[in-house]
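Going by the order they are written in, the chains are A, B and C; count residues from 1 in each one.
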Amino acid sequence: MSPDGVQRVTGPLPPAPSRKGRGSAGWRYLRRNRSLAVGIALLSLLALFIIIGNLTVDTELARPLSVRALQPPSWEHPFGTDRQGRDLLAAMVAGTPLTLKIGFVAGFLGVGIGTVLAFIAGYYRGVTDTVIRGIADIGLTVPGLLVLIIIAVSVRGGLTVNQMAIVVASLAWLYPTRTIRAQVLTLRERGYIEVARLNGMSGPEIILREMMPNLLPYLAATLVNAVSAAILASIGLEVLGLGPLESPTLGMTLYWINFNAAILNGWWWWWVAPIVIILIVFLGLFFLTVGLDEIANPRLRQQA
Amino acid sequence: MNASVLRVERLRVSYDHPQGAVRAVDDVSFSLRPHERFGLAGESGSGKSTMALAILRLIRPPGRIDGGEVWLDETRLSSLSDDAMRKLRLAGIALVPQGSMNALNPVVRIRSQIADALADHDSALPPRQLEARVHDLLDDVGLPPAVADMYPHELSGGMKQRACIAIAICLRPKVIIADEPTSALDVVVQRQVMATLGRVQQELGAAVILVGHDMGLMAQFVDRLGVMYAGRLVEIAPIADIITAPKHPYTRMLIASLPSLERKGLMQGIPGLAPLLRDLPPGCAFHPRCPMAADRCRVERPLLRDLDGCHVACHFA
Amino acid sequence: MQLGYIARRFGVFLLIVWLAASLNFLLPRLSGQDPVRTKLLQSAQLGGYVQAGLEDMVKEYNKRFGLDKPLWRQYLSYLQSTARLDFNYSISNYPRTVRELIADAVPWTVALLGVTTLLAFGIGTLLGALLAWPGAPPWMRWLMPPLWALHAIPFFLLGLILSYLLAFHLPLLPIFGGYTAGATPSLSLAFLWDVVSHALLPALSIVLVGTGGWALGMRGMMVTTMGEDYVTFAEAKGLKSPTIFLRYCVRNAILPQTTALALALGQILSGAVLVEVIFGYPGIGTLLFQAIRENDHFLIQGIVFTVIVALGLATLILDVVYPWLDPRISYRREA
C-alpha cells in the first residue's frame, strides 16, 4: 500500500554482492521461499526412498503369498508383512511409484489439455469460449469422484494402472482449464499483447511467445495442484475397491487395510507405512504448490 | 493573526524496502491558515499523497513516520492516543480521496457509509433524523436524495467523488485534505466537483489542502501553493507569484511547460526523469536536471529560505 | 429481470440432471455389461439356486431395458423412470428398491456433511479473518501451522489416524458404524448420544481438515481486501476497528469465499464418501461402497444420480443467493 506510487523495482538493480553463478542464487532464493524448500525436500526424500528402495529391495516380494503373513517389523521384513503375504517394504517401494505415475500422467495430461483449451477459449473468445467454459463449469459442479466411479465400474474386469491414469485424466482438465482461462483473460488486456497484435503477430504466435512465458510459474503451480488432485482421485477410487486389485499401489494397500480391519486388529505396521508415505506425498506437493504460488504471484511475497 | 490551524514541522516518512529504506517525505514543513486553500503540487512519486496520509497518521508498514510533528490548532497529533487520533479523523481533519476509484465500500449503500461515520464518532442519529441529515449533506454537494439508497457502482465518477465530499464534511472538520479529487474525471465534471468543494469549504469555514499535479486546477482554486520534488518541498508561495514569477528552477520549468492559449510554439518539457526515491543524488535532488546546477548543488542540500513571503529551496534564488 | 437469471440458472441445473442421467445410462451400455444377467450367472454358479423373485426382476428389467429393444426406446424409458425417481430394485439387496436404500442413507450423510461443512466454513472463515487482522490476539498465530499442514491431507487420511488414536489406542470413541450394532433406534437420549459418539470421529476428520482450508482462503481474501482503497478511506473516516473489520473487510472478503464454497461442494462430498467408508458410517458413502463390492449397478447409478442432482441443487441455491450478498452482480447479466 504505497499510495504515492513510490517507484520500486523499475530501474537496474544494484549489483549482487557476490557473483558465484546461478547455483548460489538458487539456494538463496530457497532460503527465502521456505515453502518451496520444504516441498522440494519432502519430495526428494520420497524420490530417494523409491530409487534406493528399488535398487536394494526385491520387488517380487510385493506380490501376494510371497512371505509369511502378518509379521510385525523385523530385520528380515523392516516394514512387516500384510495378510496376503506381501512384504510391506517391497509393496511400498513398488507401489509408491505406481501411485505417483498415475498422478503425474493424469496431471500432465489434464494440464496439457486444459492449457490448450484455456488459451483457445480465453484468447479467441466467442462461441468456442462459451462452449468450453460451459462444459468446464458444468463438469466442475459434478463431484469428480462419482463420475470416476461410474466410469470405473463400467470398464469390464477392473482397471489397470495405465487405465486409471487415463480415467482420472478425463476429468483432470476441467479445473486447470477454468483457472488458466481466467489468467489468459487478464493477460489479454495487457498493453503488450495489444502491441503484438497491432504488429501483426498471429494468434498462436502471441500465445506462444508473449503469453506463455509470463504464465509459466502459474502453469507450474497449476500442474503440481493437478498432480495432487489426480493422486487423491486415484487413491479414492482404489480405497473403494475400483483400482487394480493385485497392484501394491498406496490406495490399494489402504483398501486391504480397510477390508481386513487392520486397525481394529492391531496390525499397526500395516497401516503406518502407507499413511506416512501418503502424508509426505500430499504435504510435499502442497508446500511445492505454495512455493510456486509465491513465484507466480509476487504480491504474496510482501505479506507476513 | 498568523495562528495556523494546521502546522507541519520537519515531517519525515520512509518506506522499508528490501534494497533499503526510501524516504518519501523528507523534512517537510509548512503551515495552513484558517479558511485558507493550500495546494500541494508535484509529479507522481514526489511524496504528496504520502504526506496527506502522514498528517492523518495513517502510514502503515512498510511505511513509517521517522520524525517531525503535526499540530492541529494547539494539539500535537503525535501525542494523541490511537483512539483520540481516530476520533480526530473526519471530525478534525477530513480526507477527500480519489472517490472515482475505489474509495467507497462496494457492498454498502451511500446512506450507511455516512451513517457509520456518524455512529463511530458518537453522533449516531435516530432513523428519521439520520435521513434528514443525509439528505442535507447530499444536497450540499449537489446530489439528489435518491443517491442515499444507491450502491457505489450505480454512481458515476463525479457523483462518487461528491459523495466522498459529503462524507468528509458530515462532522464539520476544520481541515479538509483533498487528495487528487479530480483525476480520472473529465473536465466538465472536474469543474463541478471543484466548485462543490469550494462551496462547502466556504460554508464550513474550513481550510483545504489540495493535493494534485494539475497546475491549471491549482491556479483556479488555491491561495498558496507548495511544490514538492523528490519528497522535499522546494517552493511555497502565493499562487499568483508562483505562476507569474516562480523562483525555483523546477517550478520555473513546470510553469513553462504548461500549454498556453496565447503562445504558440514547441512544448517545453523538463529533461531527464524523476529520480528513484531510493537512489537520490547527493545535495540538491534536482541538480541532475537543473540548467543552473553548479558544484555547490551537487554537494550541499538547499534548505527552504524565506524571501518576502515566498519560500524557496535553491542556492540561487 | 430477476426471473431471467433464476430461469437461466435453473436451466443449467436441468441440463446437469439430464447429463447425469444420460451418463448413467450410456456408460454401462457402452461396455456391454448386463448387470442383471451377471448376477443371475453368479447366483447360479454359487449353488445352482436362483433367488426367488429374481426372475420376476429380470422379466421387469427386460421389459423396460431389454437389449432387444432399440436403444432410444431404452433411453426414453430410462429417462422416464428416473424422472419418477424409480431406480429399479437393488440387485444386491433384492427385494428392496434402490430408492428405499438411498432414502435410508441420505439423512445420515446430510446430517454429517451439513453440520461439518457449516462448522468448518464458519470457524475457518472467522479464524482466517482474525488471522489477517493486525488487531487480533497474537496467540492465534500459533494456530496457523497445524491448520495449514492439516488441510493439505485428505479427510479420510486424518480419519484413519484419528481412528487409531482415539478409538483403538485410547478407546474413547467407537470406531465403526452409525450406532452400536444391535441397538434399536429410538429418540431416547441414550440412543442419540450413541449416534453422536459414532459420528464424532468422522465429523472430526472433516472439520479439522476443512477448517484449515477455509481459514487460509479467508486470510488470503482479507489480505487482498485490506489493501483496497475503501479500507484506507474507512480508516481516514475515523471508524472504529471492529467496524472496519466487519463491515469493510469481512463483508467484502466473504464474497469470493462463498463462491469457493459453491465450487468446493463436490470435493467435500467426495472426501466425505471416503470418510464414511473408512468408518462404516451408514450414509451414502458406505452404501456406495457396498454397491460397488456387490456390483449392484442399479444402486450405484441411483446413488451417483442422486448425489449429482443434490449437488446441482445446492449450487443452484447458492448461485441464486449470491447476488443478494453482492449488489454489484445484477440479476440482469451474469458478471
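In this section, contacts are C-beta pairs under 8 Å (C-beta built on N, C-alpha and C of every residue); 3 or more make two chains touch, one makes a residue touch a chain.
This one's a predicted model, so the numbers in the text were calculated from it and none came from an experiment.
For the criterion of most C-beta pairs in contact, the winning chain pair is A-C.
When each chain is reduced to the average of its Cα atoms, B sits farthest from chain A. The centroid of the Cα atoms in chain A and the matching centroid in chain B are 51 Å apart. Chain C has its Cα centroid 23 Å from the Cα centroid of chain A.
For the pair chain B and chain C, the distance between mean C-alpha positions equals 54 Å. Those residues of chain A in touch with two or more other chains are numbered 1, 3. Shared interface positions of chain C, defined as residues touching 2 or more other chains, are 232.
Looking at chain B, one finds that residues 53 touch two or more other chains. Interface residues of chain C facing chain B in the complex, by the touch rule stated above, are 228-230, 232-240, 243, 247-248, 251-252, 255, 325-328. Against chain C, the residues of chain B that register as touching in their complex are 53, 56, 58, 86-91, 94-95, 97-98, 101-108, 116-117, 119-121, 151, 153, 164, 167.
Per the touch definition, chain A reaches chain C in the complex via residues 1, 3, 138, 140-147, 149-151, 153-156, 232, 235-236, 239-242, 254, 257-258, 263-264, 266, 268, 271, 275, 278-279, 282-283, 285-287, 303. Residues of chain C touching chain A in their complex: 12, 15-16, 19-20, 23-24, 27-28, 30-33, 149, 152-154, 156-157, 160-161, 163-164, 167-168, 175-176, 223, 227, 232, 263, 265-267, 269-270, 273-274, 277-278, 288-289, 292-293, 295, 297, 300-301, 303-304, 307-308, 311-312, 315.
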